[in-house]
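These notes open a run of structures that come right after.
Shared chain: chain A. Partners: chain B in the first complex, chain C in the second.
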Partner chain A sequence: MARIELQQLHKTFGSLAAVQELGLEIAEGEFLVLLGPSGCGKTTTLNMIAGLEAPTSGRVLFDGRDVTKVLAYHRNVAMVFQSSLLYPHLSARRNIETSLRHSGLGRADRDRRIADVVRMLEIDPLLDKLPSQLSGGERQRVATAKAIVREPAAFLLDEPLSALDAALRLSLRSEIANLQKRLGTTTVLVTHDQIEAMTMGDRIAVMSNGRLEQIGTPDQIYNDPATLFVAGFLGAPPMNLIAGEVEAGCFRGIGFSLPVTAPTGPATLGVRPQDVRVVASEVQGALVARVFALEHLGRESVLIVEADKSTKLRVLVPPSFGARVGERLFLAADPERCLLFGAEGMRLPLHPAVPG
Partner chain B sequence: MKRTGFLAVALVVALFWSLVPIYWFCRMAFLTPLEIQHYPWPLIPHAPNPAAFYNIFGFRYVLSGNLVSPASGQAAQIIRGLKDSFLVSLIVMVVTLAITLPLAYMFARMEFRYKNSLLFAILFAVALPPVSTLIPFYAMYVRLGLAGTLSGLVIVDLTLTVPFVTWMLIGYFRNLPPIERLAWMDGYGRLAAFVRLVLPLARSGVAVAAVIAFLFAWNEFTYALVLVNGTTANTLPTAVSGFLHQYPEPGNLAASVLITIVPPALVAYFLQRHVSEMNLVDPVR
Partner chain C sequence: MASERILPLQSAEEAVATGRRRRALSDTEFALAFGVPVLVFLVLVVAYPLGYAVWMSLHRIMFFGGYRSTFVGLRNFERVLVDAGFWWSSWVTVRLTAEAVVLTMLIGLGLALMLNRTRAARGLTRTLVFLPWCVSTYGAGLMFAYLARGQTGLGTSIAYALGYSQPVDLMTSGLVIEVLAVGAAWTMAPLVAFFLLANLQTIPKRLYDLAALDQLSPLETFWHVTLPPLRYTLFVFASIVTVLTMKLFDFVFVMTGGGPGTASATLTYQIYKISFENLDLGYGAAMSFYLLFLIIASTLLLYLVWGRREVLR
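Coming up: the complex of A and B.
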């Protein structure tokens, strides 16, 4: 188990800055998820933690010790690569054994460890098969076994579930989270799937364009996003983002206004679909919109309305809600649940705390 | 229906194209000179005899009726050619692999300065017509004392096999899954990962590269003709071409051609599995 620190990490490929000014700390035994769209630098970050790629500048620390120049193997981390990469020409057993090849353990110790992981992951019948003879889920299990058998200081998982079908992803998600808690090993998982991030991570680090946008618990990331990017990236259906302007203590955008105390200038108002209500008649500051579509999800429905030609808003409504396409509706947002973002995408306080 | 018809026609043409010359040489190799001259030619030898195969290796053969088929005048050349061809082809094969495997792997998996220019240099070497370098090589070899030596021939063969095989292997290595990352995590160094894990995984590519290098050296004729023919170093194709300048011995010529075909045919037969594997297993997983 290890505490991992990244300090001022930079990585450039040619003229492309893949990771910039990245600093974060991963506590011992923590499950951290690096979340972001493809190309945001999350895999590069993972590779730098693993020691597969050298940072252009900055430091990587394990338990306070600088390991920036230490080779991957000697960092004692284990990695599960994208699509559960295994040696294609070796059987599952040989794949697992290779992890211990340089460990200096005796034959008996190695056999005991392998027997342990085999039992833990129930992969006994798969041991003599080649990776090409395994299904996606089985490969994932074997790759996990290969990682665990080393009893590493940290697990690094690079989109381990991305190549699997949805049902399998669902079951393996909880399996990985459960395994991580049982072993208590510091784990970093890279994914672009927000549901994976929300369900598995103790904390989530959201990245975009090589920068860390926000790090926090799933709850903080979801309810208290620090930037416009985080607000828009997390949540399904996504948060409604309304472009507008703050003028004289009031946010105005597409025929809708909300009193705020924020500096004057362009701004974006964000409100989650569950925080918008359909109201009976024109109340103060209500928004007029036309029904565009109604999506039934079973437990609830998503009402999609057109506030103007370019702005569609989503509202969560009970499944009994009925609406005709083209119908006029009035919407009201819960002002306490609205988020305001400035021109640079940084979060602005709606009502700055009054001193005293 | 129409498609299978076309397929049948194409198949017949292809078989005809490739098998008839072989059949014709087989037929000639087992006939006596007298029978070959006979008209109409016998399509199948009615009394096949292995005389030509004895003759080209320097032995007499007594035919029925106490006719003697004498040893061929080319025998010494053929024997030497067979030996030298094997030697040259094996050396070219081994050296080509030793150079191209690490070279192609580096191009496929590592980033370094001038990589693209160097790739172009390799492609350019493949694109150059071999004959265009014949005379420069000859002039150079005479000065260096390499003309008429097998090492000279090996060097020339390498100038052709190395770029070609490298070019071919780069694409192959690129398509292999990135297992060196796994290997680094498992404590292998770069070299150990390449030798112990990547090469075994890439055995199809290695086999095909070996075949290409071997066949290339085995079949090479132009350079061998100019650089070593008529000396004590000689390869099989030039030895066979020597029949051109002799009293006609069609049976012996045919027999020599057949023994020239046998090794590459065997090599191709045993390694074709790998050739097809190279395309089938697109190992991106």
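Coming up: the complex of A and C.
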């Protein structure tokens, strides 16, 4: 187990800056999820933690020790790669054994460790199969066993579930989280799937374009996003983002206004679908919109309305809600639950003077 | 959806069939229509010469004093077995083949690994590497003869460059087979390299990261990551190169003429001499069947000790 620090990490490929000014700290035993869209530098970051890629500048520290120049193996990290990569011509057992080949452990110790992980992951019947004879989920387990058999200081996973079908993802998600807590190994998991991030991580680090946008608990990231990017990236259905203008203590967007105390200038107002209500008649500051579609999700429905030609908003409504496409209705947002972002996408404080 | 797409097709076919009053072919008729011409062709091209060779091998054929052939049964085959020249040529053939196969595989693998790495001037390097495959064995034979001979060869230039004053002839009875093997490998390795290169490019880059995390040595990494996807191709080409080398004739003919003495008289060369210089066609035909057995036996052996494992995976 290790406490991992990244300090001012930069990585450039030619003229492309894949990771920039990345600084974060991962506590001992913590499960950190690196979340971001594809191409934002998550894998590159993980590679630098593992020692598979050397940073262009910056430092990587394990337990306060600078390991930036230390080779991958000597950092004692274990990794599970995308689509659970294994040596294709070796049986599951030989694959797991290869992790301990150069560990310096005696035969008896190795056998005991392998027996332990085999029991823990219930892969006994799979041991003599080749990776090509294993299903996606089985391969994932074997790859996990191969990783943890080394009792690594850190456990790094690069989109381990992305190649699996939805049902399997769901069950393996909780299995990995459960295993991580039982082992207590410092873990970094990379994903572009916000649900995976929200459900598995102790904390989430959201990345975009090689930069860290925000790091925090799932609750902080969801309810208190630091940037417009984070606000838009997390949540399903996604947060409504309304472009507008702050003028004389009032945010003005498509046909409605909200009193705020923020500096004058272009701004974006964000409000989650569950914080918007359909109201009976026009109240002050309410928004007029036309019904565009109604999506039934079972437990609730998502009402999609068109506020103007280019702006669609989503509202969570009870499943009993009925509406005809094209129908006009009025929406009101809970001003306490609205978020305001400035021109650069940074969060602005919002103190509505009068509830709308 | 599938049925929607198939139905109109069927009805269109029926319309054509009834409209033009043409009967559809049954499966058997269809198979015959396509199969028979091919079979006829194969019979003409393969079976006829083969049958003719069998006929010749059972006869004593004479040209001098008027063409005659007399049936001698298996006499020709018996004569081969007690012919010291045949056993010598068999040994030369086996030695040349073993060396050529090993060299071709090693050079092919080396070229493939190199091509897989080079980024710069990729098209140019690939063209250059592929060129030897495009040179005729005849041309290659002339070139290697030139390079190996004492007067003009590489050995002499190197020896002179190092300050020795004796010319070095590589075309000696002790080394001539090795020179032939190098030449044969030079022409065949590029093709092997390109097939291996195609395999190399299917290896996920991440597998090398996995090997790094497992602290595998370069040799272990080669063995566990690089080699496995190549093994089947290596086996297939080992078989192909075995067959091609055992059949190799023009190269030997141009380069060494079986010499010095009979040092490089391969079976093909021996058969050529018996059939077309001594004009003992029946005996030559019988010997060519021993060559055929040798080729079949070697490839079978290769399959049994190596190929079976690769095919099974």
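In this text, the second predicted complex is superposed on the first by the 351 of 356 C-alpha atoms of A that agree within 3 Å, B and C clash if a C-alpha of one lies under 4 Å from a C-alpha of the other, contacts with A are read in each partner's own complex, and residues count from 1 in each chain.
In the analysis below, a contact is a pair of C-beta atoms (placed from the backbone, for glycine too) under 8 Å apart; a residue touches a chain by one contact, two chains touch by 3 or more.
None of these values were measured; they are calculated from a predicted model.
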Request  = Look at where chain B and chain C land on chain A after superposing the complexes, then choose clash or fit.
outcome  = clash
Query = What is the contact status of A:A78 with respect to chain B (first) and chain C (second): first, second, both, or neither?
reply = both
Message = Contacts for A:P131 in the overlay, against chain B (first) and chain C (second): which applies, first, second, both or neither?
response = first
Message = After the superposition on A, what does A:S99 contact: first (chain B), second (chain C), both or neither?
response = both
Query = Just chain B (first), just chain C (second), both, or neither: which does A:H89 touch?
reply = both
Task = Once the structures are superposed on A, label A:A50 by its partner contacts, choosing first (chain B), second (chain C), both or neither.
result = both
Remark   = Residues on chain A touched by both chain B and chain C 50, 52, 71-73, 77-79, 81, 85-89, 98-99, 101-102
Query = Can you name the residues of chain C that touch chain A in the complex?
reply = 204, 206-207, 209-210, 212-216, 220, 224-225, 228-229, 313
Note = In their shared complex, chain C is touched by residues of chain A numbered 47, 50, 52, 71-73, 77-79, 81-82, 85-90, 98-99, 101-102, 130
Note = The residues of chain A that touch chain B in their complex are 50-52, 71-73, 77-79, 81, 83, 85-89, 98-99, 101-103, 131-132
Ask   = Which residues of chain B touch chain A in their complex?
value = 177-179, 181-182, 184-188, 197, 200-201, 203, 283, 285
